[in-house]
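Shared chain: subunit A. Partners: subunit B in the first complex, subunit C in the second.
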Partner chain A sequence: MLYQRRELLKAAAVVLPSIIAVGIFVYGFIIWSFRVSVSAWDGILPNFTYVGFKNYIETFQTQRFQTDLWNTLFFTIFFLGLTVTTGLALALLLERSVKGEDVFRTIYLFPMAISFVVTGVAWRWIFNPTVGLNALLQKLGIPVTWGWYTDPSTVGPFHVALIPLIIAASWQFSGYTMAMYLAALRGIPEDVIEASMIDGATYFQRLTLVILPLLKPITLSALIVLGHISLKIFDLVYVMTGKGPAFATDFPGIFMFETTFRGNHYAQGAVISMVMLFLVAVVIVPYLVSVFREGRRA
Partner chain B sequence: MRAEYALRQKAAARIALYLVLVVGAVFFLVPVYVLLATSLKSFTEVNIQNMWSLPRTVSLEGFAKALEKLGPNFVNSVLLTVPATILSAFLGSINGYIFAKWRFPGANLLFAFVLFGMFIPYQSILIPLVQFLSRIRLYGTLPGLILTHVVYGIPITTLIFRNYYTEIPGSLIEAAQIDGLGLFRIYRHILLPLSAPAFVVVVIWQMTSIWNEFLFAVTITQNPRVQPITVALQNLAGSQIVEWNVQMAGALLAALPPLLVYLLLGKYFIRGLLAGSVKQ
Partner chain C sequence: MRRILTGLLLCVVLAATVWAGAQKEEENKVEIFSWWTAGGEAEGLEALIEVFNQKYPEIEVINATVAGGAGSNAKAVLATRMQGGNPPDSFQVHAGHELIDTWVVAGAMEPITFIFEENGFLDKYPKGVIDIISYQGEIYSVPVNIHRSNVLWYNKKVFDQNGLTPPRTFDEFFSVAETLADKGITPLALGDNGIWASTHLLESVLAGSLGPERYRGLWNGTTRWDGAETKRALTTFVRMLEYVNSDHAALSWDAAAQYVADGKAAMTIMGDWAHGYFKSKGLKVGVDYGWSPSPSTSGMFIMLSDSFGLPKGAPHRDAAIKWLTVCASREGQDAFNPKKGSIPSRIDGDRSLYDEYLQAAMDDFASNEIIPSVAHGAAASEAWVTELNDVVSVLVADRDVDKAAAQLQKIADKYAKK
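Right, the complex of A and B next:
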């Protein structure tokens, strides 16, 4: 038994460097960021004078940050809704023994392999008001002059300029949700489906009464993964639209980057980053706790 | 009569199914068409009237210019991705082995502690990261970026290897222990030779994500000479004169390596993808 214990100590020692690295680079740096967020650091030179939550109050009071939070909310709702429905629909269609399934699957999923920067360049072109979709529609005799991401108008607090971003992001992640659903569908035991067929259920009944309930856990996983991606969205927006007119397409990730590394407002940048972390943690921590609990039971 | 009706209905449903699938495929391929069609036009042919048409004559002018401007950055991306991927895979394998097979007290809790690092918005560590890299004189360098990717890659690589090693029967380890093999020799002689599939998944996952990454790259590398291709492409796209053909050619250049990996090894890419969603 002593031998076992020594081996276990050795095991702990092996992962120690990684634990320390994660401890410093993740947790240590988060604390450090928090420290910056409650400091007077505004300008190139660090200034760690403690100012309390003053920066938080000031940041939340800015028009820009308020817009960012609304944009995050709307973007998350529509991006999640569209991506999950599209992914589920594609998976259900491909499940019906389709010829050339491989080809379709490859096409739907390939956006996931490419950088946001690349897809941002392409989608910016497509929604460019003069050369993109509008030009195509005009050619077809439909004179559209909508500015897409350059349109500053709103419906309530919803900026219409978000629509092209929602489409592009959904394009990039629908295949991913499809892959998750396909894996889940393939995991449903044959006899469950067969039993419902013997009972004479129609496809629609089978879908709503048997398949969809069985897919609930994977839907939750998809929502959590997509949700945390949505809360920290940066690359796609940075490349495709930037902050947009009147911050129409601005997000906390963009604001943080610009205010910190372009404007040298470090304390404000840190505040935004802490709010982003908080939003993601609200989604991720309960999820990790549930995974951890299941892991212990297993 | 009734049977014939049902049969016809079935055929109609089948046609509708394929129609939807094809329309979907066309939608997914629109950006590819745009990239290809525009990149193969000459600068003079890129105008509003021709934007959506195929090039009248195929011109490699866009690619030549893109290669001239982004070629060095392509090399930077290779110099970044290869070592970062190798180091990541190695670290993940060791960690995954320990977390799967040597459950020392508190191992599960520590694993959850590591896993959280996968989900944080990197903005929340960016300011300290820049300060830290400056202090150790790695800010603005490729080694600094490599270090960053290796450290923040620990959660996902550990997760993938841990899931893989958990599947390997414990009896194999116990038998080896009875034969007197210790921790390291079990890893080297038993686990490692069985690890190829997990290495493939992790290598593909890390390779494509590091190649495609933008936030760390744009923050850490300010000097265009050391910038990876994603940052250089963004700079190119942001320049004054809009040479759409060069931009699109540059985008294709940046997309090519991960796209090839996906087309050649898609199965493993998807496995990595699904591992990222934690629950499988």
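Right, the complex of A and C next:
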């Protein structure tokens, strides 16, 4: 008994500091940010006069923030779609031809080890309209003058300048989804596959009717992880394109940084942070709830 | 266990010694906060510190620089320190509204008019400069340098080959630009990645078409942004953009200057730090490149300046005042500016220390009408400039003058003092 209590004390001593730290530095600061977001703090010195949701209304009315939300939506859809499908395709290819798998796995996984800042610098040059991809294609005799991330044109509310960013971000995370899918594919029991083969299923049928349904949980966790990366994206965009012409590649994170630390609009910065937190919560909370339920069932 | 205890004890003793040491040294220090970490700026700052050290060898200068982001990182750090009640003894800030609206209005700065009065500096500075650094009759910062923003830099060889002379008015600019475009040379290089270079170009156009008085009026609310004259200026700006390199949004200002250096583009409108850039690339002024005031702004000197101020509650106030006095002295300015590639904010600088271009700039500074730059924090608050930049960013893309004028007026209504 005494022994157990000592173990318990030790456990508490180990866990308690981080609980306190998380309590203060995560939840405490969320509350504090919310307080700033409903205050009149516009300028360098704090002013906590309560103004209600005035700042929220004003922020949502700015053209820049509306563009940011559209950009976030489109970026998230295409980034998630591209990353998941590329990852799945790579995993299926690797699964079928085992020769040299280690090498390919390393190559595909490698981008994930690089920081977004490095990726951003590299892709900024690749998509530079005068010295990057365009120059290469022009040397090959293909007259491309596409502006890439400097092109302010839109298709509906979709900014075409987002395309290079989506490609760069997917490049970075496809290896991650590939690794997850590869692990899941390895986890599918042999006999299920064999049974379907005996039933005379073609590869395509096996893929759509047996393998993909079994991969659903993996897809879900990949979407959650990628989803929150996409919703709070900052570093890649900041380094690669900045806010772009006419906010073509602007995101809430960049708007928040500029309005708070350049314009000293602290209340508006807090509003944007709260909206970003809300967006991430929309993605994460249902996932946490489902995990929690499963945990209880088990 | 014993080893751990000894180790702990040692740590405590060590920490106590360091702390005690720090306490003792406190008196003879001055902490200077800036974002001058590289190149001529850092060398200039060091030269300035050297002058200070010679005068006050007993005071140790702590050079607290924060790198990156053209000062935006440093500004964020500074804001945290000031809000936390831990100000540096003196910090770098753009002279004018960037200092005044951010810090002076908030009541965080001490007036330093007495430094100018006690040392007889007041008549050593042009009135235009004193106006820009003053708020309600008190001076709040020491400008250590002056840069000029309205300079048109051109590739001399390209101009000579095509028999052109640098344009002095907007009409001349458009005819020169047309000739160059026909020859397949980009007339005007722009690198507005991060948009301020567009705002920089815009302020030159606004000053050129409105003249100094009405240009100043834009910032104090007496000139309307949606009036016919300002709209005409915005239209000229948009028309100039038609002669700009198509990849401008991907470039920084120095990449644009490189286009001019390479002869890929003929002109660029940039501050006189472009002169330092060309020199560092081994080009010769008057041979490889030339300069003139940007179109229709001869006789005007759009100025920006880095300055140091005195925050309230500075831990070493006396040392900070000594530092500011050195910054404002002729000796300090002549140590700093030749290295930084700028001109002194005093009118009595030692001309022999400066090169051909800077001497010409000193002459213009002494004789021209001095007006504040908006892109670099002299004319308007940072809050205003960030919103202005957003409008310019859209204007550059959609070229909708009426919409931009209306939005700019709305922002001006919010910030201009009536």
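In this text, the second predicted complex is superposed on the first by the 281 of 298 C-alpha atoms of A that agree within 3 Å, B and C clash if a C-alpha of one lies under 4 Å from a C-alpha of the other, contacts with A are read in each partner's own complex, and residues count from 1 in each chain.
Here is the rule we use: a contact is a pair of C-beta atoms (placed from the backbone, for glycine too) under 8 Å apart; a residue touches a chain by one contact, two chains touch by 3 or more.
Keep in mind that this is a model prediction, so the values were computed, not measured.
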item	value
Contacts of A:A179 with subunit B and subunit C, given as first, second, both or neither	first
Touching partner for A:K54 - first (subunit B), second (subunit C), both, neither	neither
Per-residue contact with subunit A, leading partner among subunit C and subunit B	B
Subunit B versus subunit C as contact partner of A:R206, first or second or both or neither	neither
First (subunit B), second (subunit C), both or neither touched by A:F110	first
Which of subunit B and subunit C A:S18 touches, first, second, both or neither	first
First (subunit B), second (subunit C), both or neither touched by A:G43	second
Set of subunit A residues, in rising order, touched by both subunit B and subunit C	46, 124, 130, 261
Sites on subunit A touched by subunit C in the complex	42-46, 63-64, 124, 128-130, 145, 147-150, 152, 242-248, 258-259, 261-265
Parts of subunit B lying in touch with subunit A, wherever the complex brings them together	17-18, 20-21, 24-25, 27-31, 34-35, 38, 48, 51-52, 91, 94-95, 98-99, 102, 104-105, 107-117, 119-129, 131-132, 151-152, 154-155, 158, 182-183, 208, 211-215, 218-219, 230-231, 233-234, 237, 244, 247-248, 250-251, 254-255, 258-259, 261-263, 266, 269-270, 273-274, 276-280
Touching residues on subunit A, where the partner in the complex is subunit B	7-12, 14-15, 18-19, 21-22, 25-26, 28-30, 32-33, 36, 46, 90, 93-94, 96, 98, 104, 106-119, 121-126, 130-132, 135-136, 139, 171, 175-176, 179-180, 183, 217-218, 221-222, 225, 228, 231-232, 234-235, 238-239, 252-253, 256-257, 260-261, 266, 269-270, 272-274, 276-277, 280, 284-285, 287-289, 291-292, 295-296
Touching residues (chain side subunit C, partner subunit A) in the complex	72, 75-76, 79, 82-83, 102-103, 105-108, 193-195, 246-250, 382-383, 385-387, 390, 393-394, 396-398
